[in-house]
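There are two complexes below, and they share subunit A, which is joined by subunit B in the first and by subunit C in the second.
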Partner chain A sequence: MKRIGLPSLSFALVMLYLFLPVAATVLYSLATEWNSTVLPEGLTLKWFAELYGDPRFLQAFGRSFVLSFLTTVVAVVIIVPAVFSIVVYAPRMEKLVQLFVMLTYAVPGVIMAVGLIRTYSGNGIPMIVITAGAYLVGLLPYLYQGTRNSLLALHARSLMEAAELLGASRWQAFVRIIVPNIMSGIFVSALLSFSILFGEFVLINILVGGRYETLQLYLYNKLSASGHVASAITVTYFVLMAIITSLIVRFTRRSFARKEVS
Partner chain B sequence: MKRFASMLLVTTIPFFAMIALFLLVPLLSMIEGSFQAEGGGGFTISHYQEIFSNPYYLQAFENSVLISFLSSLIGIIAAVFAAYAITRFPQSLQQRVLVITNLTSNFAGIPLAFAFIVLLGNSGLFVLLAKQLGIDFGQSFTLYSWSGLTLVYVYFQLPLAVMLLYPLYHVIQKQWMEAAELLGASPWHFWLRIGFPVLFPGIVGTFSILFANAMGAYASAYALTGSNYNLVPIRIGALVSGDIFARPELGSALAVLLGLTLAAALVVNEWLTRKIRRDLS
Partner chain C sequence: MSYVQIEHMSKTFHGQHVLKQLDLAIEKGELVTLLGPSGCGKSTLLRILSGLTAPDTGKIYIDGKDVTDVSPKNREIGMVFQSYALFPNLTVSQNIAFGLEMNKVPKADIRLRVQEMIELVGLAGKEQNYPRELSGGQQQRVALARSLVTRPKVLLLDEPLSALDAQIRKNLQKQLRTIQRELNMTTVLVTHDQEEAMAVSDRIYIMNGGRIVQHGSPHEIYTQPHSEFVARFIGNYNVLSAEQLNQIAPDLSIREVAERFAIRPETFREQPVTAEDIRLTGKIAHVSMLGNVTRYELNIGDVSVLVDTLHMSFESEQTGTTKTLYLCPKDVIPLYDTIA
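For the complex of A and B:
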């Protein structure tokens, strides 16, 4: 008796719309020839073999990995302790931090690029360093939210009071008690940060361009060359994102589960 | 007291230095640059005058606003129903569907543009299919037209819209529906008179976020046709990084105007978010 309602129909269409491009790209990366027929004429792994044998791809992948990884680590090292001391010791400064978070979130890459070029281009600092600096700020919303949630869930303020009453110094308490306890939450935010940077194109394209070819730039350059290889790149990228997402889900669950026990 | 000060200082100085160097200084420099004559002359508002009198740049704003508005509207209408459908699934399935939806949000920018080329490009899957069926899109539709670009924009709006709308439905409680039903209201009546009015500020707030998201989008359009689409972000990118026609001051003025548009959209969102009734749950 249950007829298909508007919500279910809409849900199915949205999912179909979201999946079709993914499915088509996967199929295209495995197709031998696909120029005139509706379905590919045969299946092959040769595009992936070609891609993984291309040193330019490996270098681009390596550059993306190094850039995203190092920037994420530096961002965690700068942002997490700062958010900690602001949340615990200077809560009145939080309004200011939230203003910056809003600002970062509201200013798209293309606007940031204009300001960064005006400020830093042509004075000797390599633009890749400037790009990495802009990435640090770009990660602020995600790391701020992640750190803040972890600290609040931990009742960091009372923990610090207790530790100090027992004679620990602030740094000791932070390193020995707070850090281990917020680690899994920070790890989730760091994974998210890494995946965001891995997919970044706007800043690296406008500020650096071909001088530091990341995976996204490599994909852009391959678009006109070979559709099959380009889809192999896209599939590789998407698989990596899927792995990171599943790690995020697993670690989020784990940290939730632990909190419920404690 | 000294130890207190030292920890706060040591941790926040690098933090605020980072924000100053890579957020505040560049933004201020951009605003200052937009009022500067080309090549470092004195104060001028000529760049703004040029934008407001040059049909090319006005067209870019019109195009950006139109495609952002349209893609946000389509995205939000589809997501309002789809997010509601998700809330009716069993709990564990809901989480799984949200994770998958979130995963597709990684499909943005260059990879997304490419996936649409595979589907709808000149020898795309659907174009071939249509040919076999004897349908000729001909001039009426290509991926590289505005309608094609709108489809790409709708794609990256959908996951965001679903993720933002989904939590809103938790405000609406089962008991309300039951009470309304007992009092003789049809489901249609319930949604029209109670459900939708409660959700409305959240929906408009989400709309403004989608709008801002599309206004600032650069990579997808750039990947499809380079600098051919006349959109504000594309114009800005071309003005600041073009090798021959670089005019960073004019680019700065465009960027300031785009920033003001986004700020307006987000102020609307802030204002409406405050209107969401949290006293009901």
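For the complex of A and C:
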């Protein structure tokens, strides 16, 4: 008989620790009743039906999607060219950027939210815009790292120089040569950014609250109403994250494979 | 005025003088090599010529026009980079066509000129391949075609063959020279490989410490080095002080007065050729076989000299045996280090 080694055993235990709550959540979202038994008394899809039939859920999902998507797009459009300029033309400034990146981790969400309220409340700018602005800064580390790594792997500087000597303007060289080559890196960072924003709760709850109910706020409100529906929301969220993660893995593999060939 | 003229060029990086008041002239259709050790400023000079780096002082004229402040994109210069810098997202033909598209050449002309270039560099059949699917030598030829297709006034080559195997490098050197002559392309090659410089250049500029220390045809440079640096860099010259020379060849009468003299290892002969040849006798301290050449380290008194002879005999001579050689006084070159 094959002996089970310590590494496999510890791996199995870690997997159990990680996936037992997920499995329980999935089961709870499908359970008719699950109070005094080891396994649910019966299985049903009625919680999902109830959830997807609730216009508030669909609106919350839509709001989360729009907020995360738009913020990510704006962040990519602003941050990627900025990181490109710094990495390629002003590499000495990278230390400063790295400091900014660290600073975004240094401020806890609650303190940031209070600070933002004190600074911006009452000056006419809608709080949702302030939230999106704060999100944008928060995405800096993810987009900076992803874009920087792609640019360094590409030897972006010599490609830009080659393109310029062939008659391209810097903008043409950036759009025609650099962007297509770092696209998979940008896409992976953007997906990561999107998923982080999609799950964000602290800032949106304090700054905007019920005025712009996102999925996380909806989930928070549902927790006290029905555990089954809350589980169904969580499962839906997990599925979305699983799709995003698999896309990230796929794109990362593809860019690795490309590097290996070259 | 020459076709390409560089006047009083200086460049400083972080307080370090990389180029010092440098002057250089290149005629139309010439292949000139900038040769020197790493850090001598040759790549900086090439980048300044291309417009990618701005000089601190000095002027650059191409075809009679002052281009010192012209941007790289408008300078009409082609450049092949050491790393090839091919665009990974474009195929071979798209890479070659890129410069023409940027210059808004009509589509039909682009197709024709790209095809011409592909045939010129011998890459027919590879048009639809991506750079990653090509060998190093093929990538280098794409880079060459890409820089030539726009018909630049000057072609700059920044150590273009240094990443390739010896055999491929030799073939590409030949091909490069053929294409350059066929197109009568004014070309500047940067290299640290003296053999490559000798093989392909019309003229060589030897650089050291941000200055040009000597220039001339490969033959002139090789046979008449002016300084110890050039003598040592260009070949395995024996560089001897006047005293050492007197020790190994007391009968030698040299007209020039110099502190040091250079003797090429291959000028020592096993038989006298002229009546003036003087005889030297020494002990073999070391023998190395370099294929077609046998290299001896010969101790003549206290002085050690390198001697190269064509590898003719079947039996090699042993360390410790005495060897007699002849040297023609004309082959003893005085070195004047202060003269550049």
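Quick notes on this structure:
The definition used in the following text is that the second predicted complex is superposed on the first by the 251 of 262 C-alpha atoms of A that agree within 3 Å, B and C clash if a C-alpha of one lies under 4 Å from a C-alpha of the other, contacts with A are read in each partner's own complex, and residues count from 1 in each chain.
What we mean here is this: a residue touches a chain if its C-beta (ideal position, glycine included) is under 8 Å from a C-beta of that chain, and two chains touch if they have at least 3 such contacts.
In this text, all values refer to a predicted model and were calculated from it rather than measured experimentally.
In the model built by aligning both structures on subunit A, subunit B fits alongside subunit C without clashing. Using the contact criterion defined above for the overlaid structures, shared-chain residue A:161 touches subunit C, although it does not reach subunit B.
Taking the C-alpha centre of subunit A as the vertex, the lines to the centres of subunit B and subunit C open to an angle of 100 degrees, rounded to the nearest 10. Look at A:123: by the touch rule set out above, it reaches neither subunit B nor subunit C.
When both complexes are overlaid on chain A, the residue A:227 reaches subunit B alone and has no touch with subunit C.
Taking subunit A as the reference, the larger set of touched residues comes from B, when subunit B and subunit C are compared. Of the two partner chains, subunit B is the only one that A:134 touches; subunit C does not reach it. After overlaying the two complexes on the shared chain, residue contacts for A:169 are found with subunit B and with subunit C alike.
Of all Cα pairs linking subunit B with subunit C in the superposition, the shortest spans 8 Å. Across the superposed pair, subunit B and subunit C both touch subunit A at residues 169. Those residues of subunit B whose C-beta lies close enough to touch subunit A in the complex are 3-4, 7-8, 11-12, 14-16, 18-19, 21-23, 25-30, 33, 78-79, 81-82, 84-86, 88, 99, 101-104, 106-119, 123, 125, 128-129, 132, 154-155, 158-159, 162, 212, 215-219, 222-223, 233, 236-237, 240-241, 248, 251-252, 255, 258-259, 262-263, 266. Listing the residues of subunit A that touch subunit C in their complex gives 154-155, 158-159, 161-169, 172, 176-177, 180-181, 258, 261-262. Here subunit A touches subunit B in the complex through residues 6-11, 13-15, 17-22, 24-25, 28, 35-38, 78-79, 81-82, 84-86, 89-90, 93, 100, 102-104, 106-120, 130, 133-134, 136-137, 140, 169-171, 174, 195, 199, 201-202, 205-206, 209, 216, 219-220, 223, 227, 230-231, 234, 237-238, 241-242, 245, 249, going by the rule given at the top. On the side of subunit C, the complex with subunit A involves touching residues 50-52, 71-75, 77-79, 81, 83, 85-90, 98-99, 102-103, 131-133, 146-147, 150.
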